[in-house]
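Across the two complexes that follow, chain A remains constant while its partner is chain B and subsequently chain C.
Then we have the complex of A and B:
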């Protein structure tokens, strides 16, 4: 931040991620961006909500313990969206799980994401709320202002909307949304 | 990223820097994240074991704010009234020189009971009872009162001045129903675990907001 010169809004990393200077990212060390990801202004990413692995028996899980949010390629996080890794209560221990977001995903302005997994080619509309530990499978679409309840599984290619979200149609596989152009235009 | 803090406060929340730091009574065991914001001119008191996530905001511009024991206030959640009304008189009232008007603006006291959970982007301008949870993007209107163990599901609203009885749920398109009591004890177990986990995850910065240390401790002990 030392040199005083006109800067663009976005910081571009080697992998092509464009991160707005006005984004609010916490716990950067626990976030993996898959490359060519765009994080726009005022987007909040809670990388500090880590898995608190208290179970000593599961040695395999120790390796992924330090990851809170993971995105794929061409994930577009619009202004004001919130990525909040979900908490889960299992066998008397409470822990946060890693939030995984696939490739070519659009997350609309003001959306609040507490989903566990979002697949690839997913469109999430403005102001949608994805409840705790919900699953959005590949190619699904969540309409603007939808409230996906906690634990809901949105199947591949479904369109869901409303409060609470219900299936209202299917996307079909013809013309998936392309994140590349959005990435280029920013 | 450390660079996000100064720019965003100037961009998104000009009010925060414009308003004075409020007098606070903070319990030493509460956790206030570094980038949480407390602002206003009336006193703010926060009870023991309460956790404020980063970017949580508490505004006491129009009345004192009291937050009980073991509350969780998530990011982008707002407790307090940001502006009195939409008529553009906000800026006049925000400044301390309000002596021009004959009647002072009405104050709204905001009280959050124990174990209240505010999820991301919830807005609370009223009072909340013990163990209620206000979920993502929900809105509690000015001066309204929410009872004990209520649940406001995401994006629902409670209009200003309304009252919600104990064990109520607002869901869907602001429909209401009653829940049978009986699950409070189980919820409390999970809630306490969550508080415990959050305390380890979120680095607190109490010193930033602690004002009037001597009187604050005294008031905290008395209450």
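Then we have the complex of A and C:
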């Protein structure tokens, strides 16, 4: 965790979200933070990458579901991580789908997230790369530096690591990681 | 891997990590779902064509390498041989055929009829037994590939050698890959995609009392547990943090200097616990760090409901909480005073937690030839001491030699109300301890928690709610950090 910055580093919203002034957030209107979410310095959220629809005959690009990134409660985004809604080729054109992140999710520093869904109580290590349209189910753990290939589904409670990521173990029955303390300490 | 395509027929499997596609082995799919079924169909088609020989004769296009290799797998050969012998036996004596009940390749060894047949071979003498006493008629064996005979193919061997000459070992597969494939391939282009294994949800019972300790929800999507009785929830949780903010991070502990850490034990149970901690004076392992717990014996107050805590009920009544309130006042008085760690005194105490000071002198040099046996402390019957001995035997400097870990013997004593239902299901083998020092996390197995909790009298069994003393002892490992290496440069202080 980064050393505590000088006062005023974080902007705290009504819902308890703490957003660093030094984070880069694009397309703020398309992002929903579930409350008590921490976005640390130099984290990047690409809310501008929306689903583009070509269904309208006029050809005007129109966002159908104007949601790019959605997080749950107590999501901790460490410094330098990147949330990037997954790219998708739909009928030959490039589009993006909504990225959903559950509660109590820790995303390590420098991780690059292009996963479609991250469940609750997920721990993602530093420098991990989650490929496009990968799914991380509840309670899973991605080790530091792991590269999860696009489209991979990490089952709930699995620990994956390596390049490419493979299952290396299970998280067991202990109480899952809780973001409450991390949120309080920032 | 992922199905990829432009919403029209042929679909392929693609790995987005290494850019392998199923086109590389000449397999395409007609629809994007049920990949496993389609794959089985593609390979199963190969199986039904009894043999390699017949494939060559048929006017189908030449099958691709993996499909060809797959056709020679033991299963299909067995199926071919089985059908051959079945037909031969039927020719010999059509009305008395022990294999008649077996239907081709779909031999089901677990089916009751098969089982009955096999058992009757051994027990009954009226049917098969009599036949065995009779003269057996000679039967011919398989003579060609259509009957399941496979000759050693020198050409294939030469071809394999040729490929090795041309490409070297880079095209061969490793053991892990070979085990995962059912048909024993040699080269990478002979492998076929394998379906991922399904997950299982497991529940767990206590070995002694058969009590279910862990039981997952029956619903597939739900990852919660219906029952979760972990030993971890019945023993005090431990956290370790430096007493004074160390000059550097915990990954660079200064050696040969007494360092003080705060060890906090938090009681999750609703009974007060007497705790005795023990540690070897010098840690086992490649480096003998000396460890002293300044106050090894203390008590932990009982836990209370979260609501009680929030409403402040717990602090006003009951005898042991009186102490809690007194302490709270004391804490208020000297919150900011600089305290000095004293031997035999508890550092800080809360309602259900106690903090004691642990003094560690990190050692830099490796141990001498005879491993110093721990003086004092509890006898080291645990694996740690054994490891230490073994390591001293043939010591090699490894990457994690500089990790400072403290083995800790924890003995708990508490009084528990005896209810008619008997004991709680506290009997799980593994205890994991995590330090909050942020440095390292370590886990250890403390086998025999259930065995150690044996000091319980059968006193209060007379219907009334009595109290009985329970005793629990286990080993835990505290991960502290890494000792700084003098050769490596220290990180700059901030």
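To be clear about the criterion, the second predicted complex is superposed on the first by the 169 of 186 C-alpha atoms of A that agree within 3 Å, B and C clash if a C-alpha of one lies under 4 Å from a C-alpha of the other, contacts with A are read in each partner's own complex, and residues count from 1 in each chain.
Here is the rule we go by: a residue touches a chain if its C-beta (ideal position, glycine included) is under 8 Å from a C-beta of that chain, and two chains touch if they have at least 3 such contacts.
Here the structure is a predicted model, which means the values were calculated and not measured.
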- Which term applies to chain B and chain C once both are placed on chain A by superposition, clash or fit? fit
- Message: Quick check for you: in the superposed arrangement, does A:131 touch first (chain B), second (chain C), both or neither?
- Response: both
- Task: Count the residues of chain A touched by chain B and by chain C, then name the partner with the higher count.
- Result: B
- Based on the superposed arrangement, let me know which partner A:147 touches: chain B (first), chain C (second), both, or neither? both
- Task: Have a look at where A:87 lands relative to chain B and chain C in the superposition and call it first, second, both or neither.
- Result: first
- For chain A as apex, the angle formed with chain B and chain C - C-alpha centres, to the nearest 10 degrees: 110
- State whether A:139 touches chain B only (first), chain C only (second), both chains, or neither. second
- Query: Thinking of the overlay built on chain A, is A:52 touched by chain B (first), by chain C (second), by both, or by neither?
  - Reply: first
- Message: Taking the superposition on A as described, I'd like to know which of chain B and chain C A:155 touches: first, second, both or neither.
- Response: second
- Item | chain B versus chain C - smallest C-alpha distance in the overlay, whole Å | 6
- Message: Does any part of chain A touch chain B in one structure and chain C in the other, and if so which residues?
- Response: 1, 131, 147, 163-164
- Contact residues on chain A for chain B in the complex? 1, 19, 21-26, 28, 41-42, 44, 46, 48-50, 52, 82, 84, 87, 89, 93-96, 110, 112, 114, 127, 129, 131, 145, 147, 163-164
- Contact residues on chain C for chain A in the complex? 1-2, 6-7, 15-18, 199, 214, 223, 225, 228, 230, 232, 432, 438, 494
- As the complex stands, chain B meets chain A at residues 1, 3-4, 7-8, 11-12, 35, 53-55, 74-76, 119-121, 135-137, 153-156, 171-173, 190, 193-194, 196-197, 200-202
- Item | Contacting residues of chain A [partner chain C, same complex] | 1, 3, 91-92, 131-133, 137-139, 147, 149-152, 155-158, 163-164, 172-175
